[in-house]
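Given below, in the form of structure tokens, are the structures.
In the two complexes that follow, chain A is the common piece, with chain B as its partner first and chain C second.
Take a look at the complex of A and B:
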């Protein structure tokens, strides 16, 4: 079905169910309960899960399959965002043309950058992409201010033309919509103590995530994907077999650039503004972290990585000392202070420290990321069942000898 | 003419910092084959060694001076640094005054210990992992280090002044026969450049003229053969890592009066230093130094008003532009060795 083998079909079904039921799954704690702060089921965060999931899935097509480590992918996301906002400003508040233009512009830009950068490999490629991204970032701040609005960021205004729509409704900027359905629309579902928010914007993102995920599954299983893996395995041997790896890598680069553009377009569709800081190298570094944390080269990894990092960024950073004191209130006073003191550096504003440590641990002990962790965990439970162990050995011996 | 000389001078101090960091980076890469993304963090740690020493020297206790009162009429509280009691107010005052140069002595052992423990504790396990893994784990380490510094020192830049005697500026105009006042250059930047030149010279001399340096160079050329000759090359490479850490740290110590250190200064320098290393050629020490000064000077030329008028925004992108052009025309950078980092 859908050109997928049965294992991928199952995976895709799980992803569909999880994505569509995310507002329920991510809100496991009743409203007003103490644990409600761990709920991630609010629209803003769920949209970010989806958007950065798309970004990371795209990055994984390049990095996971070909092994080319790009340190400038945020530039494509930024270009996509700017293109999207300009469509909203000039054409109409319908998000469809904005998203299409984001993808096209990011694709064109990544074609240019990729064409030049892919003439080198290894760290030289990383530095070239980094240089291009930093250049676009610096230019967006300085010379290109008429297009990007510099430090303020590109925003919608009341006197934008919007030739197919209206410039303003009752003196305010009209909201972004999908053929009339407003992105911020949604309704709240109260089931007993639980409150679930079903937001239209999130569901639009979810549809795109599923599309992006499906496409990446097809690419992973296609001859094209096989070719990309061959590039990762041995770049020198490939030309001897009569293949030219260049067009394939460039195609992978442009595809991942378009994914980044799609993410940028969706970001704009949810919140119509674009700033240059989206193109800074730290943003590029973030998507690398997401992909590695989840598991580079795996289908599900980038989605998981994006989810974990965004969850930590939003939830971990909200915990403060008062909350900690509540948690440890069952302890005697002195001990309570000690615990709060020990945990304090890792929460709130210090969540980056947690992220850094977590990331280092993953790279050191779990090079395959969360996905590998999950697989090892599953294997623990299957210990008694000898079949899985031997199949694992078979898989190991099947990897080509260098 | 004088404007050109001024721009060259202006480029030298930034160029010195790039050159020192890039030298350490390429030294680590050339010896251990490890891409160290935490090198910028070492630079930052060095700068914070200077800050820490300043804080330690200024640690004081409070006494109440019964003879004087403050403007509210209360007895005046006087803060006396402990160091005044130990060395007397004159020597103590001089030590506080000269805390940045003193921090060099303070930073060397700290940076050596940090370098050794980093290499033995983490980098050692990454010799044979792919370069991507090395980049990622050191990137993670850099995040951790800078967050730790942020936790203790906060996010704001901490001003650390140079000794008062060295604060003024030097008028090159008079020296070179131009109008007085046409080329004015802060003393400390001159000192920074001389300091960097001394460190670079010492490092090259160390590698060139000592037995230890000879073994290290042999190891860089062919690690396996040197190992087969019965020389413990890993130990020497570990020491080289500590030296590289030290160089980055000292570059940071001396940089504090030029720019007040903050916790993310390392990352800002790291990205540019990497560009410098790659432009110079991975694994080439001379290339790193040359590219460091070249890019520093180019950057300051590009920020001249006449140039910016001609090409708006050029000052922001010149380094990256040059890097792209050099990498496309000279695949291994300016002085890169064949076969290094081409997988």
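Take a look at the complex of A and C:
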């Protein structure tokens, strides 16, 4: 079915179910409970899970499959964002042209950057992409102000032409929509003490993330994907096998650039503004972290990595000392202070520290990322179940992920 | 007229004259060995044939195509395959995938954006790959990662990767380097068997005289960047110039 083998079919089915039920799965705690702050099922964050998931899935095609580590992928996301906002300004508030143009512009820009950067491999390639991205960032920040609106960032205005739509409704900017369906709209579903938000914007992102995931599965299983893995493994052999590696790496680069553009386009579809900081090297570094944390070269890894990082960024950073004092209120006063003092550096603004430690632990103990962790866990489970017979099979099936 | 014609090829590396007016004519369907002491220019010559190096002057033509200035992957598409001195394979991929890749490049050319169909659907290529793995006695290991194999197996895999392309010319760069006597004999037997089944012109660069005399129909001896003697193996054995090149003039 769908041109996938049975293992991938199952995986895809699970991803579809989880994505569609995300507003429920991510909101496990009742609205008024103390744990409600760990709920991630609000539209803004779920959209970000999906958008950065797309970004990381695309990045994985270049990094995980082809073995080229780009440190400048945020530039394509930024270009996609700018293109998207311009479409919203010039054409209409319908997100479809914005998303299409985001992908096209990011694709063209990645063709240019890839053509130059792919003349080198290894660390030199990484440095070239980093240089390009920082150059784009600096340009967007200064010289290209007429296009990018510099420091302030590109925003919608009341006097934008929007030739296919309307400039303003009752003195305010119309909301982004998908053929009339407003992205910010949705349903609130109250079930007992639980409140779930089903947001149109999130479901549009969900459709795109499922499409992006499906396409990446097709690429992984195709002869083209096999060639990309061959490039990652041995560059010396390839030309003497009659294959020209250059167009293959360029195609992988452009495909992943278009994924980044799609992510940028969805970002502005959900929240119509674009700033230069989206192109900064920290943003490029983040997608590298996501991919490695989840498991580079695996199908599901980038999606998981994006989820973990965005969850930490949004949930851990919200916890402050007041909340900590509440948690430890059962303790005697002195001990309470000690505990809050110890945990303080890891929460709130210190969430980067938590993330950094987690990243180090994963790279050292689980080089295959969260996916490898899952596989090891499953193997333990299987071994207990069927005895030692299956351990050989499991070891073999796990090895390609390493 | 030979399938591969090398005439007046020169190659310099700075002050060193690596190839000095090399002339060679490889006849179609033969097994031609190039031997010579270290530094004679054998590997440089081979690299000039496959597009890794470009000669300073002279001409190389294969089956009517000039190979000068032609990229390595295009030369392969003309029908020239090579085996490396140390096996170059795709270590992270399975044996089956290793052999399928050259089959895809043979079928689809140097580049094809074949990203939608699944590899599982390419049963024709897979069957072909399994057939050639069988030919080199590796069929039982089709799903093993290539890096996990012994060096001898890697060489056989590389040979299968060349054979699946049905090349017109196969270049073997010291196919028995670093092998034990038993492994060497296995390789000789395998190459003999392949020679009987497939009509492929072969050029073998080799140190080991045992290999050369068991396989080659014709031998060219190189020394100091040029071909000094050419002939059938038996003629070469007794030639004084060959002994001088190898042993510095001390007669056996």
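Criterion: the second predicted complex is superposed on the first by the 383 of 402 C-alpha atoms of A that agree within 3 Å, B and C clash if a C-alpha of one lies under 4 Å from a C-alpha of the other, contacts with A are read in each partner's own complex, and residues count from 1 in each chain.
Everything that follows uses one rule, which is that a residue touches a chain if its C-beta (ideal position, glycine included) is under 8 Å from a C-beta of that chain, and two chains touch if they have at least 3 such contacts.
What you see is a predicted model; the values in this text were computed from it and never measured.
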item	value
Which superposed partner A:184 touches (first chain B, second chain C, both, neither)	neither
Contacts of A:247 with chain B and chain C, given as first, second, both or neither	second
Touching partner for A:218 - first (chain B), second (chain C), both, neither	second
First, second, both or neither for A:352, with chain B first and chain C second	first
Touched partner set for A:130, first chain B, second chain C, both or neither	first
Chain B versus chain C as contact partner of A:364, first or second or both or neither	first
Chain B versus chain C as contact partner of A:239, first or second or both or neither	second
In the complex with chain C, residue positions of chain A that touch it	3-5, 218-219, 221-227, 229-230, 232-234, 236-244, 247-248, 251, 255, 396, 399-400
Touching residues on chain B, where the partner in the complex is chain A	35, 122, 125, 129, 131-133, 135-137, 139-144, 147-148, 150-151, 267, 271, 274-275, 278, 282, 312-313, 316-317, 319-321, 323-324, 327-328, 331, 341-343
Contact footprint of chain B on chain A as seen in their complex	67, 69, 116, 119-124, 126-128, 130-132, 134-135, 138-139, 141-144, 235, 281-282, 285, 288, 292, 345, 350, 352-353, 355-357, 359-360, 363-364, 367
Complex interface listing, chain C residues touching chain A	50-51, 71-73, 76-77, 81-82, 84, 88-93, 97, 100-102, 104-106, 108-122, 143, 145, 161, 165
